[in-house]
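Reading through the structure tokens given below for one structure.
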Amino acid sequence: MQNLDATIGYGRFILSGALATVELTIFSCALALLMAFLAGLALLSRSYSIRAVARIYVEFFRGTSIFVQLFAAYFVLPLVGISLTPVQAGVLAIGLNGGAYGSEVVRAGIQAVGRDQTEASIALNLTRWQAMWWVILPQAVVVMLPSFGNLAIEIMKATAVASLVTVSELTFQAQMVRSQTGETAIPFLLILVTYLVIASVLTALVRLLERRFSRGTAGA
Amino acid sequence: MDWSWDFVAQIMPALTQGLLVTVEITLVSSVVALVLGLLFALAKMSPVGSVRRVAIIATEGIRRTPLLVQLYFLFYVLPDLGILLSPFTAGVIGLGLHYATYTSEVYRAGINNVPVGQWEAARACNLTTRQTWTEIILPQAIPPMIPPLGNYVIAMFKETPILSAITVMDLMGEALAQANFNYRYLEPITLVAAGFLLVSLISAAIIKLLENHLNLRAA
Amino acid sequence: MGLHIAPDRSAEAPIIEFREVGKSYGVFKVLDQLSFSVKPGEHLALIGPSGSGKTTILRILMTLETVTSGNVFINGVSLNREQKNGRDIPASEAHLRKMRADIGMVFQHFNLFPHKTALQNVALAPVLTGRMSKAEAKDRAIQLLDKVGLANKADEYPSRLSGGQKQRVAIARALALQPKIMLLDEITSALDPELVEEVLNVITDLRNETDMTMLLVTHEMGFAKDFADRVLFFEQGKIVEDGPPSELFHSPHHERTKSFLRKVIAAGQRV
């Protein structure tokens, strides 16, 4: 029976950790999505300087790991006068990192839409932005969604690293249980399953979006 | 913010030592990832249904959970089951296993991308199964696999800092140790970031060249 | 230079004028010092072997390609250059958009928007270019789809339409902006033979019922003969022969035209 009590005790820890992980994942995904479209469109800009700025952002964040970026955000940014809470540092590092990978998804998705669609838009006298918004992006998003689904899972996995700057998400809570009770197998198995559940929900959500967005194309 | 070159000089020997460990980890875990990945790929394409299913569940399970938790599992849970691993060994197994799930997809895609017609032509030429693989399929399947596999090796290199969480004294581990000991984070973390950025930019450029070279040959 | 000054506006003022237009890709010359003009309401057929530059002419008019040298005028206004503060500069996006307002194009591969229904394909541009309200554009789109015989397919996505139906939607879409010049680029080349006629019938109706200037690039010699008041035969970026269809198809002056037509007839086409 004592085992059961202990398990319920872990349960409470793990549940609060799961909520924090979900929260961190949602905010990081939102920031990553925003940055992915900003940088992805910038990578295709006609202006050399805009392309260069976007390229530097992408290469910088892809060139180092989320782990290093998180420690830089948490420990180095305060030295230049930017103090962030652990959660803010986590969202900033994970979101900017995800955005860098996502920008390549956006760029490739837009380029996957045929040149014929751009030509039809010109023949119908649409502006560049009208063509992008009404013709190119709706088709590109369908191409991007599977990659965005993978990216969302990578972002969720990256949130575990935030435990190392004291964000009390799943991994942090498992470590707490371990240090307080000496139990190892149960807390870590529990959070592995929880991560899998969150990943499955993310995958299902993306599938749903894929179905919604694919009307008209691919026989739908 | 005051950058101190004296402090940089002071921590440089430790960081260099850490960099060596990082390179060592990258090499060993790359071998693990490349070999295990091939085994996973073969299992996922096995003619036996149950082998296929188990392989897919295992690789997806590993791929969808954080590497950090897997490392903790190897480092904290296994000793309770009587398997004691050094930080280095646990780190190499964790990193290699995690990335094996990615490389297995590269192998599978590479083999599946060889057109069915090539298998049929090999049969029509009356080649043995072994000849079909060594003479027809693999020579076409392997070159396109090289750039993505190379990219995963770079990704593993960039991911090594996470091993410091299980007390591996790699570049990041040494940097954090120096930072905590001296209460100065600016120089160690900046140096680590700059080092990783430099190496990954250069290696990404090399992969790109390789990719162009392979594309040219295919065209 | 004086090349970009608007030509005289007389009763016969051309709606389209090419003046010594050159177009090359690297060393490959697609158009070579090409000059010709088109009067308002003319129905032109552009014929000739593949790669002779016919399609490039339409693409230059639609501003999908830029010229390498020379000038193109629409109603006396330069398409590829504009005057700003007394200086002669390459046309800006704003200038191009103004010029495109009078030009419509139908493509060989339809280029329909796959994520929009037939109706939405037709109604999109009039709304976005600010010509019509949504309701007006929808009414107009229904009329146009009816005109091309597809009122019952208004809510279908392009993936559910046959090639001939797709091309008829594309024609309706090009008509929605009420262009003065209509460019038809090999509009039946991508169709199965049995679907060609339904598209050509729509074009014949348009020819007879509107006063649009129409330029048709085609490999269907029989249709070119029925459609055109004037035929241009191209080879290697140059006009070899220019005349009414009766003359060009039945008593061509040039040896090259004759040999081209012989090959076409040998391939089984009616001329």
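By letter and in written order, the chains are A, B and C; residue numbering begins at 1 in each of them.
The definition used in the following text is that contacts are C-beta pairs under 8 Å (C-beta built on N, C-alpha and C of every residue); 3 or more make two chains touch, one makes a residue touch a chain.
Only a predicted model underlies this, so the values are computations on that prediction, with no experimental measurement involved.
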{"item": "Arrangement of touching chains [line / ring / star / complete / other]", "value": "line"}
{"item": "Pair sharing more residue contacts (C-beta pairs) when A-C is set against A-B", "value": "A-B"}
{"item": "Distance from chain C to chain B - Cα centre to Cα centre, in angstrom", "value": "55"}
{"item": "Distance from chain C to chain A - Cα centre to Cα centre, in angstrom", "value": "47"}
{"item": "Cα-centroid distance, chain A relative to chain B, in whole angstrom", "value": "21"}
{"item": "Complex contacts: residues of chain C adjacent to chain A", "value": "62-64, 93, 97, 100-101, 103-105, 107, 109, 111-117, 124-125, 128-129, 157-159, 173-174, 177"}
{"item": "Chain A to chain C touching residues, read off their complex", "value": "116-117, 119-120, 122-128, 130, 134-135, 138-139, 142, 215-220"}
{"item": "Residue numbers on chain A that touch chain B, as the complex places them", "value": "59-60, 62-65, 67-69, 71-72, 75-76, 79-80, 153, 156-161, 163-164, 170-171, 174-175, 178, 184-185, 188, 191-192, 195-196, 199-200"}
{"item": "List of chain B residues in touch with chain A within their complex", "value": "1, 61, 63-69, 72-73, 76-77, 79-81, 158-162, 165, 172, 176, 179, 185-186, 189-190, 192-193, 196-197, 200-201, 204"}
